[in-house]
């Protein structure tokens, strides 16, 4: 338990450490101390290990690995496929959120619950299921290949499909609460002012949802870049064609090439941090947008 | 128990929520902290409770520095604005919470139950002890919150906007009832409100706050009749303000003398504050301050008239008989029969209560363009 | 969504899309969810029982599956309570107090969401591997972390530690501190306030966080794959076991094991839906994972 809450200084000056507002509730020192200690041990220490390993590489070695054609191809595939999947997920995620929030139809609750499936289903399970579905002789794969001439399973396109699976709930679950909060009166005002439905949706509702949509997109994208389990089963993992960056890290590790693994991981981490930063900025922006602060 | 706040200051993020506030509340007194939002009244209440700690200054309970005891041992009964009932506990468990939390001399279960029933009877909620807070109306929740605070036999009872979230009728009932409870239990009580009517009706003493400072601390009558500062005058009741200049013991508006008995006010700019009842319309053709009627509205048996006077078109509100047909743009004359003048004093404000009637000539006003439109 | 809002929506259908647009949009959403989410789930169970119930149960009761199941349960049994204590401590500090650096701390807690599972595994390989600073010392003292149970537990804790904290923080922030202040002003101490006032108010959110954390802990693949070394019967968790079976062309067995984890996911979702329907107010409105 922390020090007594009320400690007016005898000389009448404000008390020293002003880094936190004092509170009457106890346990600040204990809970924050434990939080920071645990965080340092479990997260910061291992990440520091990665940083040290990366730093000991030296620039030349680092760039040599980063610009290795196979590594570049893998990074391009990871980021490109994640981007494509996030775009598709944004379109359909907004649509699904809209349908779930605005319409009432039988089975809506089931559908709503099903959206979280990728959160709960282990990626390896999703991976083998998707691989079976989209394999050239699988139920979806056969149709896609014979009717449309598109090969999804065991190709780069398979990567996109797997990332669509894992990323979809991020968009829906980010957009849904914001859509629920939107005041229907603003739509009614728009209608009374003579705006048609399309105009109301595009000029009134979508702009209000925009920050949330962007956030959902970024989250879906970030998840897709790092995804491993669901992808390796559906892609055939050929270098330069359908080999993702996380898989390449695993391969380098299997070859005991720690330097290579470290360099790829560092590049991915730096990009992931930038993404995280952007997400936080977007969230602050969206809160301001809706006057929550 | 007496509560004494001595030179308390408190800042939030560089903003002064309380600046050098001192206040003494006598034992058994019922005091209202009144002020607009952001005036620091809730901060002061929470500081007395020990929920906030002052940056400087001390809160004394009976000459003992209250900060020497932990909040748990302070013995304050605090009623939160939104009640802060424990929503997962039944009414009886809410009320019994403080008794069960006692370390020393924890009462027996039977005694706790008895005490809870007494309190439920006191707050007129007998029979609802098994309900959860969500099954109660706003007024009932408020009374549970009060019973919970009273259960620990507090040395001082503090209520934050106790009736703020209730509708007008329930509010009136609870007000009367809180007064009764106070008379029966005799706790030193402070409550925060932004409703002047509530403060004036309920409290023995009203403390008007503004911008983290106490403007006036006085009985309801004094607050209304002799407001210490222009802020108090304009915050309580209805008022019109006219800037005047004082020189040679006389007040002038636009360099025209308004014949007022100014008394000992120093020379210089001053403000003339008028309540509607301080202004009378001249109907007998006698002298008065001339003006143009800009609006009228009916208030009960009277007609509230707004007129403009002076070059800067200052607005004065007054009541006239509802039988008089007064129209917009009509020329009228008024006589000042009361009100206060606030001039700049050595410290704060010097104030004089007016008793004299004002006279002015309708004709000069016309010549100076007062009434030109 | 609350029934109140639902009612509101029903009343105000004068403004909105026409029935045809509505039907098309619903059909599109249903089709997308059906193809993207429901179909993979169905495939798991169809394939699991495709070769008959006998094969299904044989696959589940094989010694390797049983040892993988045991290891998975063990890992979850360590990782979830550890993260539970952390989540509660972090939420208490962050939601009930104002201090500088709070936003930074929140970002740190979010870190594992943004890090690839493979990288999460890699950092432990670099920390405890043979050519790390610690490696030789661990070797000399015969402490096995990598390619052993401790490594798997650590990687799982790393991956799952935001879940409970992230569930509790918004919930406790939204509830504010006035009930705790009331308890303290009535004479209750810190632990009493926490167990009698705070905990009952967040218990459903806490349960939900534990469920998510547990689902992820039992299903984690990438990070565990990197640190485990895939030693059958020793360092194989259920997801890793699925991979091995699948690559050994034992698809039916792989799906049988997968159906076990899929069932866990379904139970998690079912409990979540029940919690949300029943205790909508006591779960945070907005959440992401």
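Letters are used for the chains, namely A, B and C, taken in the order the chains are written, and counting of residues starts over at 1 for each.
Everything below uses one rule, namely that contacts are C-beta pairs under 8 Å (C-beta built on N, C-alpha and C of every residue); 3 or more make two chains touch, one makes a residue touch a chain.
This one's a predicted model, so the numbers in the text were calculated from it and none came from an experiment.
S.K.: Which chain has its C-alpha centroid farthest away from the centroid of chain A?
M.R.: Measuring from the centre of chain A, the most distant chain centre belongs to B.
S.K.: B-C versus A-B: which interface comes out with more C-beta contact pairs?
M.R.: Higher C-beta contact count between the two pairs: B-C.
S.K.: How big is the gap, in whole Å, between where the Cα atoms of chain A centre and where those of chain C centre?
M.R.: Centres of chain A and chain C (C-alpha means) sit 15 Å apart.
S.K.: So, what's the distance in Å between the C-alpha centres of chain B and chain A?
M.R.: Taking the average C-alpha coordinate of chain A and of chain B, the gap between them is 53 Å.
S.K.: If you look at chain C, which of its residues touch at least two other chains?
M.R.: In chain C, the residues touching two or more other chains are 181, 184-185, 189.
S.K.: Taking each residue of chain B in turn, which ones touch at least two of the other chains?
M.R.: Counting only residues that touch two or more other chains, chain B contributes 50-51, 71.
S.K.: Two or more other chains touching the same residue: where does that happen in chain A?
M.R.: Answer for chain A, listing residues that touch two or more other chains: 24.
S.K.: With touch defined as at the start, can you tell me which chain C residues reach chain B in the complex?
M.R.: Where chain C meets chain B, its residues are 178-179, 181-189, 192, 196-197, 200-201.
S.K.: Of all residues in chain B, which touch chain C in the complex?
M.R.: Contact set of chain B toward chain C: 49-51, 71-74, 76-78, 80, 82, 84-89, 97-98, 101-103, 148-149, 151-152.
S.K.: Okay, in this complex, where on chain C does chain A touch?
M.R.: 1, 5-6, 8-10, 12, 15-17, 22, 25-26, 28-30, 32-33, 35-41, 43-44, 47, 85-86, 89-90, 92-94, 96-101, 103, 105, 107-119, 122-127, 129, 131-132, 154, 157-158, 161, 177, 180-181, 184-185, 189-190, 193-194, 212, 215, 218-222, 225-226, 238-240, 242-243, 246, 251, 254-255, 258, 261-262, 264-266, 268-270, 272-273, 277, 285-289
S.K.: Give every residue of chain B touching chain A within the complex, in rising order.
M.R.: 7, 11, 50-51, 53-58, 66-67, 70-71
S.K.: Per the contact definition, I'd like the list of chain A residues that touch chain C in the complex.
M.R.: Chain A residues touching chain C: 1, 19-21, 23-28, 30-32, 34-36, 38-39, 42-47, 49-50, 53, 92, 95-96, 98-105, 109, 111-130, 132-133, 139-140, 164-165, 168-170, 173-174, 177, 180, 184, 187-188, 191, 197, 219, 222-223, 225-229, 233, 245-247, 249-250, 253, 258, 261-262, 265, 268-269, 272-273, 275-276, 280.
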